[in-house]
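Two complexes, one shared chain (chain A), two partners (chain B, chain C).
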Partner chain A sequence: MSDKEFNYYISGETGKWEVVIGLEVHAQVSSNAKLFSSSSTQFGSEPNSQVSLIDAAMPGMLPVINKFCVEQAVRTGLGLKAKINLLSVFDRKNYFYADLPQGYQISQFKHPIVGEGEVVLDMSYGTKKIGIERLHLEQDAGKSLHDQDPIKTFIDLNRSGVALMEIVSKPDLRSPEEVAEYIKKLRSIMRYLGTCDGNMEEGSLRADVNVSVRKIGSKDFGTRCEIKNVNSIKFMQQAIQYEAKRQVELLEEGKKIDQETRLFDTKKNETRQMRSKEDAHDYRYFPDPDLPPLKFDQSFVDEIKKKLPELPDDKKERLIKDYKLSNYEAGVLISDKDTSDYFEDVAKNSDVKLAINWVIGDLFAALNKIGKSIKETPISSKNLSKLIQLIKNNTISGRIAKDIFELMVNDHRDPKVIVEEKGLVQESNVGELEKIIEKVLKDNSDKVAEYKSGKDKLFGFFVGSVIKESKGKANPALVNDILKKKLS
Partner chain B sequence: MTDLTKLTLVECIKHVKEKKCSATELVGAYVKRIEKSDKLNCFNTKDLENALSKAKKIDTNKKFDKALVGAPIAVKDLFCTKNLKTTASSKILSNFIPTYESTVTEKLWNEDAILIGKLNSDEFAMGSSNETSNFGNVLNPYRLNNENLVPGGSSGGCASATAADLTSATVGTDTGGSIRQPAAFTGIVGLKPTYGRCSRWGIVAFASSLDQAGPMTKDVKDAALMLDVISGYDEKDSTSAKKPKSAFLNSIKNNVKGLKVGVPKEYRVDNMPKEVDDLWQEGIKILKDNGAIIKDISLPHTKYALPTYYIIAPAEASSNLARYDGVRYGFRAEGKDLTEMYENTRSKGFGTEVKRRIMIGTYVLSSGYYDAYYLKAQKVRNLIKMDFDNAYKDVDVILTPTTPTPAFKFGKNTDDPIAMYLNDIFTVTANLAGLPAISLPIKYNKDGLPLALQLFGKSFDEQTLLNTAYSIEQQVNFKSQVKDWWM
Partner chain C sequence: MSINKDTIKKISKLARISVTKEETDRLEKDLNSILKFVEQLKELNTDKILPIASVSDQPLTMSKDEIKKINEKDEILTNAPEKNSNYYIVPKVIE
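And now, the complex of A and B:
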């Protein structure tokens, strides 16, 4: 499978350096209610319109675990082929901040709900397994709005208490490209599972990126820096590139890396120190006395397992097997559950080869152009399969199909209706075609002479002219046959 | 005519139900007395007019079927009460008006009890003498040679108000003895239920794994009635227990025949006054004379209870009190930036004892010290629980004094926190083990101060506790000797 070798190294003066990356991904749990309160989690609502007494940490308020969020975490754990811990503990992570109403975040420190698992990446140089260290549930904080007033900071607590899954990878990633693939794969798995919408623009998925470097061949890890809260794949990649280079330069100058927390400045495209190890918070973790340990039976896990949907890796294998797709084609389709579902709907009722070409080619291009996702596609899978059927049974030509497709993008209509309405049915009547061909040959008698004297290339010109004359309706295969006869 | 304020809670309700008095008359009698008792400083907030209008409504509706119909009840100012100021006796919450009602108080009002006010306490329930309140000392209605005494703490306002007939009964909270010790100091009954028996929802938290609401009443039957009303599972409190509906009052029995009573040798502490030791012996004799079987038992880890408590409680408190930051509600002292605002707010908003405990708690949870303090304390806590589990293989209840001394004078222990903490020496074990315990007044000492015994019960066996206390109560016939010197 590997057509390329892995080759992401930082070349320094003293040789090549390997970049070691581990990610702590914060994924918002898809749930209507928060982790410990019944407030809504709807994105984009009026500030402080989704805040319960618990979220605002009013005196005497107590958290009650949202069972659905627990199920979502277990579901995600199963999707990561991870160990599910039947007993886990919620801890308090204590620190003061204006948008942290309780003065502590409820998280899981020593005993997370999910243990070790893995994510398989499909790289150009082969598959690569990335270890998952753990997944735990925790609350999100609110938001400080510094730009609403020249002096004051405003607080929006809508996010306060929203359930997050923190998914911690092992330091198995070695390049920005692998990081991108890892995030995409993780997001895809969670979207298949319906446990996180993965919407990075809305902050549903963000990551802390741990970066260190070491000389090629070295077995020891270098001192790492943690780049906090990066919210796009592009920024993650840029941050890693910058940070790895910074570390290599420091080390080659004989300096040491300080273990510290850094921020990525997206405008300057650089990382800079946020706080040093000495300034690191002492979070004073301890088990939250308001919440008994979270316990459930294996049967609870088994029930969830039974209802697990097909996951990307399995789906890919099946698509290759059932539809004879290439590894690349299957890979493109499964990266998004909706896309692969769409493809299957189209392919089932039409033609696999045509379906894959239309979906990956024309449909992707069209969606890209109008800035819509496959979920919002103006062309339903039913209509696209109808269009392909029309090509398959020679009702329309491929060229006409492209025109019809354009129309469908605009008016969402059934291709059959468009074909009938516009009289675009392919001309396959030999008599009719001969008439057109004769007209074309007559109009271009000079070219006919040239062709006959050996200029074979002109054959294409005649085909094109006939199709044009027929307003695209002429069946190209038939035109070919007839032309050949007439010109011989 | 009967002085309605002298009636027990059970008698009050009977009066109203049997129409011997109207709810308005009953509440009116209390209002009159409360208005003449400001000197005791029991109330942080009074709600007398509303109380009277609620009483009138009950009289107008003529429905007297509820368990606490017409009973005027003031509650510790730690229970959040809808639209009525709830301060936890702290400056930091001095302007806080909840928009919600705690589960425990909601249950009281659902039974047609009538809120008459919020009672003073130690700040955030941290104290054993009510001297840490932001709103001043509460006076014990009992005095020593005309000198004022502390009512105990932290539920000092509850204790004095009940003893001085300013409330027909009350609910306090007990984290290390805050119901039982002040009950002992003022000659009333104080019951700390099993952890999880009553919902903590809507109670300003001190130490979540130890806090428990409970009744403070004029006698044992009143305590049983109150517990029937305030207990029960609450889905809003994940630590509350799913138990069938109780009928403590209806099941109460004056019978200790065959009851196995444990007497733990570890509670015989050095320098215990003779009067307290004698009291203990008297209690043993009463039970024995009535057919109980007395057994000497050992609770070997008792000596570690106080230090364990003073690690766990401050640790939880340091985190529970982090929400009082001046950002969303309560007192705020401005600063030039967020950090300075926090510092100013919390420096000025909290009193000395609260700050001391926040600092202790922060210290014992900090990295590098967690294992040596907090984790070790949790382990010892388990050992203390196991002591009780072992003891309860042989006995049904355990008898001890409630406090090592009777009520003391103001200022006696304020400069010596350790001496103050020693007040909780007999009471903290029940909180650490999550067990129910009751303090029962037995007699007066030679100075006329109430002395009390404490009974520990098995987990969720408040019934045996109440039965035993009721039997002793029938024998000792303790009567209030409060003289209305402040009026």
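And now, the complex of A and C:
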């Protein structure tokens, strides 16, 4: 399947440069309550309406860890085929910022809950393994609004204390395209597991992007810059393109790269240095005295393992094997769990070949047009299988099926009901078809003469005219047969 | 290990605590004497001892994933020096 070669390099004046990228993805745990408090994590609520005394860091409050969040971190770790650490430690990461009322973030520094794992990407030039360095649990900070007042910042602490999984990749990514595939794959794994909804618009998934460049063939890594808090795949790709080019230009001018934190300005499409740079970050990590180490035994992990669903890679393999789908078709289906579930429902109750074409063809186009996801589809998997059955048993023609499909998109109805109500049952009565054919041949006697004198191409015209005359109901196979006889 | 005036300046900046010249002199003396006291621990051989994160052997207690605190914003914002439309208001901080 490697029909292409990897070819993402930056061409400089001194030759080609390779881009080296590592990601720190922040994925919000899909919990009801926060990591260390019982406030809600609901998105889009009234400002400061989901803040407990713990989240506001009132003196004397003690954090109590949410067991569900621990389980989701382990689940995600297992989904990444990673090592689960039975002992992990929460540390305080100290920094001063207005939306961090504690003055420190509770995170895991030396002993994360999950160790090394991997994610497999399906690129056009073959599969590629991306190493996972670690996954740890930490608190989110609050939200600052800087645009409400010229000299004031508005702070909403609803997000303060929400559980995040920080998933750190190894510096294994080499292009914006690989980064996009990596994020999509990670998101798909977490959605299958149900551990993170992966909603980037709501900030449930965002990433810090580490970029460095080096001459092709060089084994050493260059000095990297970290682009903070990028919240869409498109912006990640743009930021990497800009940043890689900037670094190549500096190096070719004989300058050095400063290891620094940068921001991506989405309006100007460029990265720039953060102002706080002179306060070189000094987080003064130390174990949080409020929280004893997190310990569990192997049976806790095994229980979670037993309940793991089928994951994207396994599902893809099974779809190719069980339904004889192509790599491409299976890849399209598994990118979203709801889509592959839908397809399997349809295929089991109708016909595999027709099911795949209708799902990734007509259904995708229709959903796209009305701006809905497969979860909100107006055509249930049950109704689509009924439609396919109607085609299979020759009740309706493929052409009529398309019309019925359009109607189903609008009124969500059972295709059988539509067929009966509109009298769209395929005409397979030879006597009736002959009548229509006679009429068409009579109306086009000139064309019949031309056909008989050797213009074979006109056959298609006759078939089309007959189908049209029957208002699309004529069984095309029968029309073919009868026409051949009549015209011979 | 010892602490000089620059270290004190750095720590006070990170902690957002302003320290006067006199205080710096006193802190330098105090902190160095504390460090010297603690450094006696170095006389012990700890080669085979793992660092401990907590002296208590208590396991971490866990809670259920349940929402118990519902909209305490009035109480929470009582402590805000300045507020507006249910937001905390602080001097402008921008990256």
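A few points about this structure:
We adopt the following convention: the second predicted complex is superposed on the first by the 480 of 488 C-alpha atoms of A that agree within 3 Å, B and C clash if a C-alpha of one lies under 4 Å from a C-alpha of the other, contacts with A are read in each partner's own complex, and residues count from 1 in each chain.
Here, a residue touches a chain if its C-beta (ideal position, glycine included) is under 8 Å from a C-beta of that chain, and two chains touch if they have at least 3 such contacts.
Bear in mind that the values here come from a model prediction, so they are computed numbers and not experimental data.
When the shared chain is aligned, chain B and chain C each come close enough to touch A:Asn94. Look at A:Ile21: by the touch rule set out above, it reaches neither chain B nor chain C.
The partner of chain A that touches more of its residues, comparing chain B with chain C, is C.
Applying the stated contact rule after C-alpha superposition, one finds that A:Ile334 touches neither chain B nor chain C. Within the superposed three-chain model, A:Val466 lies out of touch with both chain B and chain C [touch as defined at top].
When the two complexes are overlaid on their common chain A, residue A:Tyr104 makes contact with chain B while staying clear of chain C.
In the superposition on chain A, A:Val479 makes contact with neither chain B nor chain C.
Within the superposed three-chain model, A:Pro59 lies in touch with chain B and out of touch with chain C [touch as defined at top]. Once the two complexes are overlaid on the shared chain, A:Val409 sits clear of chain B and of chain C alike. Chain A residues in contact with chain B (one complex) as well as with chain C (other complex) are 53, 56, 58, 64-65, 94, 96-98, 153, 155, 282, 284, 289, 291-292. Contacts from chain C toward chain A in the complex involve residues 10, 13-14, 16, 53-54, 56, 58-73, 76-77, 79, 82, 84-95.
Residues 31-33, 37-40, 46-53, 56, 58, 64-70, 89, 94, 96-98, 111, 144-146, 148-157, 263, 274-276, 279, 282, 284, 287, 289, 291-295 of chain A are the ones that touch chain C when the two sit in their complex.
Every residue of chain A that touches chain B in the complex is listed here, in rising order: 53, 56-65, 92, 94, 96-98, 101-104, 153, 155, 282, 284-286, 289-292.
Of all residues in chain B, those touching chain A in their complex are 79-80, 86, 88, 93, 96, 98-100, 102, 200-205, 207-209, 235-239, 315-316, 318-319, 321-323, 325, 327-329, 338, 342, 362, 365-367, 370, 374.
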